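In the two complexes below, chain A is the common chain; its partner is chain B in one and chain C in the other.
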Partner chain A sequence: MARVVVVTSGKGGVGKTTSCASIGTALAMQGHRTVLIDFDVGLRNLDLVMGCERRVVYDLINVTTGEAKLSQALIKDKRLDGLFMLPASQTRDKDALTYEGVGEVIETLKEEFDFIICDSPAGIERGAVMAMYYADEAIVVTNPEVSSVRDSDRIIGLLDSKTRKAEEGESVRSHLLITRYDPERVEHADMMSVQDIEEILAIPVVGVIPESPAVLRASNQGVPVVHDSDSDAGQAYSDTVARFLGEELPMRFTELERKGLFSRMFGGRR
Partner chain B sequence: MHPDQRDQQAAFQFKGGNLTITTLELMTADCAKIEQELSRQTQKAPAFFRQTPVLLSFDQLEELPVALEMIVDVCKRNGLIPIAVRCGQEAIKKSAWALGLGWFPPLTERRLKEVAKDKGCIQRLPTRFVRGTVRSGQQIYASCADLVILGAVNEGAEVIADGNVQIWGALRGRAIAGAQGDTDAKVLCQQLRAELVSIAGVFQTFDACEWPENSDLPVELRLEDQSLVIV
Partner chain C sequence: MKRLRDFFQKESCQSADIARERLKVMISQDRMQRNQPDFLPRLQSELVEVIRRYTQSEQDDIQISYHCLPQRSQIELNVSWPRNLP
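What follows is the complex of A and B.
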């Protein structure tokens, strides 16, 4: 049975698209047939992060309006079999999407794929509600700062009320993904801790991604960071997906590493 | 401007706002006494009494009957322009309307209790229970009932009851108890981190330093002499 997962946050710039790309890639690496849908109509980004921007011909809106077939719009990932993406339109706006059109596309994709990952736009308007409407599960991306946590709280409220699951009296299973986490700043009380965030949002934490230069490097190269298995962020995304699939793993990169005498003597970052 | 455009423009706008107004708080209904006092004050500060709009308040006045028309005449003779009355007494309200004056409800606690009785909210409906966290942007209202939240109330969320509000978690948002004016209503919570608490219209916002220190004991907020107390 295919699982429809929305990656959402409320606030912009917290790492929805980056997370979406890495989570989808990691699922495909484990052999699950996965499709990523970019719902950010007008601010198309997922194709860039996935490194397939030069191969976009048709998009989600072309499919919903019947101008193109689904098979024409799906772009196959160049690195992994079983990973596809459906780009957003850059020239239209978010009102061009309809619930019926999106519903049909998702129903068709369910026949072919194990996971359908919806990359939500920021905000709480129509575009974001559209992205979450058909979801069975949600990954709520949050940065360790108060405004992001409050916006995520608002989004979880919408997941509990504005989705098809909620209308049918069921609930969308929500997972919390904390990104850009810096244990050193948490130690200095400049940043909210995992415990603080978990207490406020009251949903289980599926992963903590550390602040890492590897993330920006990966985005700019169009290679999801999870491919960089030497990087802390890449490993953290692998762990996240393993937990998402039901494995129990301890959180990594959430504690400050005590620097040994040598690294203190011979430089390294403070 | 194009004539069509002019047609589409609204003739007026309603605007809410606060403005300061002089209130004449009456301690007696005796017109002779009022006149005497007023003319003495007029001589002291004539500029102040030149066509000054005033609100006639009968909050402090127990005695009845009140000859409102005569009091209004006294005011006018002394340069004041009565524009409205504030009172709880039905008779004064009626005569104010007959004289073309506005009416405002009184401010006293006694009056708040009367309102609560009027609405029948002393007789409570069954308690409303809400399971789980109340999140930012959500609002829950228990009409004529107590409200129990089995979870936290997060920042940006609002829980309202005509009776008591009980929160079995942290209160980080807003809690409003006694929304119809029941001054005996209470707000109870496991941990007070509230943005705002209001009981029977008396509200208080909180800065971080005003929250009680972390403790295992639940917090109770109630109304004492028109002000909120944290127990």
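What follows is the complex of A and C.
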């Protein structure tokens, strides 16, 4: 049975698209047939982060309006076999997407894929609601920062009221993903801790991604950071997906590493 | 360890704690407003206007709260005004 998962946050710039790319990639690495859908009409970026921007011909709106077939619009990942993406339209107006159209596309994709990952636009407007409407599960991406946490709470409110699951009296299973976490600043009480955020938002944490130079390096190259298995962020995304699939793993990279004199003098940054 | 840190950092402000407290207040307000109908602010201001036409209530003397019950919604209105002593 295919699982529809929305990656959402409310606030922009917290790492939705980065997380979407790495989560989808990690699912495909584990052998799950996965498709990523970019819902950010007018500001499509998932193709850039996935490194397939030059192969975009048709987009989601072309498919919903019947101008292109789903198979023409799906872009196959060049590194992994079971991974595809469906880009957002860069040119059309936001109202071109309809609930019926999106519903049909998702129903068709459910026959082919194990996971359908929806990359939500920022905000709490129609586009964000459209991205979450058909979701069975949600990954709420949050930075340890007041405005991001507050916006995530609003998104959790929408997940509880504006989704098809909610309309049917069920609930969307929500997971919290904390990104750009800096254990050193938490230690100095200048950043809220994982426990603080989990307590406020009251949904279980599925992963914590540390602030890491590897993330920018990966998006520069158009390679999801989870491919960089030596990096802290890459490993943290692998752990996140393992937990998402039901494994029980302790959190890594959430405690301050005590550096010895030697590594402080000679240790470079990974 | 945390105590030791607190001791040395007492002077510097623990900004994460402030963030947490501010968020708790904001989010509980947000959650209260989340399920309110859109017309509520307009209804509130019209009620206040009508009541003040008859009483000498100050703005603070009129309290309107919204409750979401399982089957119905409810507003509770509390009004007081100064007694006219003879």
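To be clear about the criterion, the second predicted complex is superposed on the first by the 263 of 270 C-alpha atoms of A that agree within 3 Å, B and C clash if a C-alpha of one lies under 4 Å from a C-alpha of the other, contacts with A are read in each partner's own complex, and residues count from 1 in each chain.
The rule is short, and it goes like this: contacts are C-beta pairs under 8 Å (C-beta built on N, C-alpha and C of every residue); 3 or more make two chains touch, one makes a residue touch a chain.
Bear in mind that the values here come from a model prediction, so they are computed numbers and not experimental data.
Of the two partner chains, neither chain B nor chain C is touched by A:M85.
When the shared chain is aligned, chain B and chain C each come close enough to touch A:I200. Touched residues of chain A were counted for both chain B and chain C, and C has more of them. When the shared chain is aligned, chain B and chain C each come close enough to touch A:R154. Applying the stated contact rule after C-alpha superposition, one finds that A:M192 touches chain C and leaves chain B untouched. By the document's definition of touching, neither partner reaches A:V215: not chain B, not chain C. Residues 150, 153-154, 157, 200 of chain A contact both chain B in one complex and chain C in the other. On the side of chain B, the complex with chain A involves touching residues 132-133, 135-138, 151-152, 154-156, 170, 172.
Residues 124, 150-151, 153-154, 156-158, 160, 199-202 of chain A are the ones touching chain B in the complex. Contact residues on chain C toward chain A in their complex (touch as defined above): 5, 9, 14-17, 19-20, 22-24, 26-27, 30-31, 34. Per the touch definition, chain A reaches chain C in the complex via residues 145-146, 149-150, 153-154, 157, 161, 186-193, 196, 200.
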